[in-house]
Amino acid sequence: MAYLKIENLTKTFGGVVAVNKVSFSVGQGTLLGIIGPNGSGKTTTVNLITGFLRPDSGKVIFKDRDITGLRASKITNLGIGRTFQMVKPFYRLPAFKNLVVPLFSPRVKKMGGHFGEKDSLALDILEDIGFERDSSVPYKPASILPHGYLKRLEMARVIALQSDLIVFDELYSGLTLAEVASISPMIEKLIAEGKTIIMVEHRLKELFKIAHKVMVLDQGTKIAEGSPRDIMKQPSVKKAYLGVEL
Amino acid sequence: MIIQRRRERIDRPIKAVTDDIFCLSSIREISYLVIPRILPIVGILLLAFLVPPYWKKVMVITFIMAMMALSWDFMASCGLTSLGQALFFALGAYSTGAINHYLGLPPYLSIPAGTLVGALLSTGCIFPALRLRGIYFSMVTLIIPLMLMRVIETTGILGGTEGTRGLTPLPGITLTMAVSMAALWASFFCLRRLINSDYGLIFLALKDNDRAVEASGLTILWFKVQAIFIGSAICSFCGAFMTHYYMSVGMSAFALDLSVFPMAASVVGGMGTLAGPLLGAVILGPLSEALRSFGSFRIVIYAALLGAFVAALPEGLFHYLARKYQQIERWVEAPSGISED
Amino acid sequence: MLVYGFINSVILALIALGFSITFGISRVANFSHGGFYILGGVLTWCFLMKLGLPYFLAAGLAILIVGLIGLLMYKVLLVRLRGLELSEVITTFSVGIVILELLRSLGIMGFEYRTPVFIDESVEIFGVGLGIQRIIIVGAGAVLLVALHIFVHHTRIGLAFRGVAQEEHTSLSVGINPDRISMLSLALGSMICALAAVLILPLGVISVDEGYDILIKALAVCIIGGLESTLGVLVASFIIGYIEAFTSMYISSSLISVVPLASMLAILLIRPSGLFGKSKEIEERV
């Protein structure tokens, strides 16, 4: 059975069909990339899957359980974690305290696997994703963190939640090549640990290096699905991105 | 190369020393830390007990209004800015009035009961609005008290425009004042404890990015409910207390004054910390009593101060003073012509 | 009843229009709307009674002054707070309170304070006797709408307004100064508000408490109709206008003031972006 199965998901905003009968499935332990030009409904799809928007019709089935229309926190507690496109940390709190918040969730309490005080746990996670431990950076208010660190903080949240399915919404946006190169291994490590990942991305080159399968959306409809190489050969995909067939 | 001057702020040496150190080695350092914290507490204690009776009454009102300011600031720190704090006050006031009038319970029972009932009712009233963001939420907080006022006026329940009178008075002015001050300290320290704890982080996080809190597996609706309950409980207590203080309850419980003062006190004093609203209330409270003879003009003053501070000194007095206390500002030469990278 | 409902609706629309324009263009929710309204009326009264100016001049002057105050409010206070929505609301709210309570403490109360109707006659329409004032209100409302439409769609400044309303950053890059436009929109909104006051206040007495009511009504109409849509404002004012008329005739006239409040609450709970609103963000359930 597919780990995550989406059936005919549809969402309309006052006359504009943002997501139009999109269906796809994701196998456990794989990385699915979702690409498409701006306005194709990628983030809306993510919101629909993770419970931040209620679909007009269609189903979201996770681990054989229908989670359509459940609230976002419930879905998170069932094992789906997500990052946000517009990164906004908890500005007033120190960086590591940002992570203490998810440690309060029922999921973390239930899964255990975290030993020790929340503070030191948070610092451990931060170290794992690239914050230098001995520096004072984790203790400073999150408002001073540069963009690369903020993205890592977003990642840290899903790691803290020990999510089984992670949805990254434009994680690579705004990062330098070096930063992307240092984050990609972390994503591959997550896959190696058995997590399932969906990545919505614009940076195709970096995405194609790690994705097992890619799906293309255009104006709310799925227009292609397959391995990265096959996708880029399809004329409909080229047309969607470039507006003209090459 | 042109030499330009820029303003630089650095921590005072004594702050740097006292910040991270466990062992404080001199009286000077210890007093740097301790005095700003002890002084206000001792000051208020002395002031309260040593002033003549007329001023004791002023103190009571100031303490009550300080509690209202504390609760407004707390709710605002959680991202819930209410333009109608008077609602919570009034619900507590009317509950206590009803309990005392119809059930005949004495103040030391009716006030706690009224506080609880008021808090529950307030949470219930605001609950439907909790899904709304930002200013839409604030608009609803503005509307609900006004609506309730109209309904009471027209249907005449709970005493209508006349209100209920002849309720049990509170014993003695000194005891009253002591109780109100105790309540103030209790709220202050409890809120402080809450916000500084890890659990309190969640509330602060609500304001910065509530979607992220939801994405962390925490149901924000539940936390907003908790925040409203705590905030409205404090205001309901104020309402309950004042009902017995004035021995009556009526439409004046919904007064605009009660909604504007907490905001003004918090903005003037400094939002985000709990000491700020306290400072603001201590300044504006006696000021407003002194202006009592001017009637409506009082609100003009608060509102004007509110507007002026929001625009000119948004950080509030407390932050401003704290900054001066902790940091030195000076003009430093900075060579310009350094390339932007 | 149909006729009263119609007139009531137009009145509501006029009141709400100023607020809607300011918010639609500069995203500033001007909570001092009620204050400006009453101020407009009081200034007109002053010029009329104390200085003995002719009606047109008194009204015109009052409207200009209120517009000026709106402009100043933006320039002095709001420009520092752009983008901090809540601070803007608190500031405008406090300005409104300052104006209203100041007027209250100066004693603006009672029968003495009323602006006279323009023409003191009545006319029969559909079997209902109507004061000419009310007809003027409807006429003025129509003229205003047309004028606004022409302004917004056919002048350069109007174009700038629409640009800033839709996308502030892009407007910046095209050379439009959003601050100036917002300032002007605030002035325009306040002037329309004062105009509404000049037209409507003759029907009753100038009372400070009504100022708060005005703000509530404007908010109600705008929220129900959708904060960014003029069409929404019109439709909503008709809906509320008729419900109010209905309530006043068949249920109880003292409950009229509950109508806008209750409807506003209802809409916020069911469909927060309003009937014609376009804000996707608000739809999100969090």
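Chains: A, B and C, in written order; residue numbering restarts at 1 for each.
Here is the rule we go by: contacts are C-beta pairs under 8 Å (C-beta built on N, C-alpha and C of every residue); 3 or more make two chains touch, one makes a residue touch a chain.
This one's a predicted model, so the numbers in the text were calculated from it and none came from an experiment.
When each chain is reduced to the mean of its CA atoms, the one lying nearest the mean of all protein CA atoms is B. Chain centres here are C-alpha means, and the one lying farthest from chain B is A. Measuring from the averaged C-alpha position of chain A to that of chain C gives a distance of 45 Å.
If you average the Cα atoms of chain A and of chain B, the two centres end up 40 Å apart. If you average the CA atoms of chain B and of chain C, the two centres end up 32 Å from each other. Contact of a single residue of chain A with at least two other chains is seen at positions 52, 71-72. In chain B, the residues that reach two or more other chains under the touch definition are 211, 214, 220.
Residues of chain C found to touch two or more other chains are 285-286. Contacts from chain B toward chain C in the complex involve residues 81, 83, 128-129, 131-136, 138-140, 142-144, 146-147, 150-151, 153-154, 210-211, 214, 220, 256, 260, 263-264, 267, 294-297, 299-300, 302-304, 306-307, 310-312, 314. Taken together, the chain A residues at the contact with chain B in this complex read 50, 52, 71-74, 76-77, 81-82, 84, 88-93, 97-98, 100-102, 104-108, 118-119, 157, 160-161.
On chain C, the positions that touch chain B within their shared complex are 29, 76-78, 80-81, 85-87, 89-91, 93-95, 97-98, 101-102, 104-105, 212, 216, 219, 223, 252, 254-255, 257-258, 261-262, 264-265, 268-269, 272, 281-282, 285-286. The residues of chain B lying in touch with chain A in their complex are 198-199, 201-202, 204-205, 207-209, 211-220, 272.
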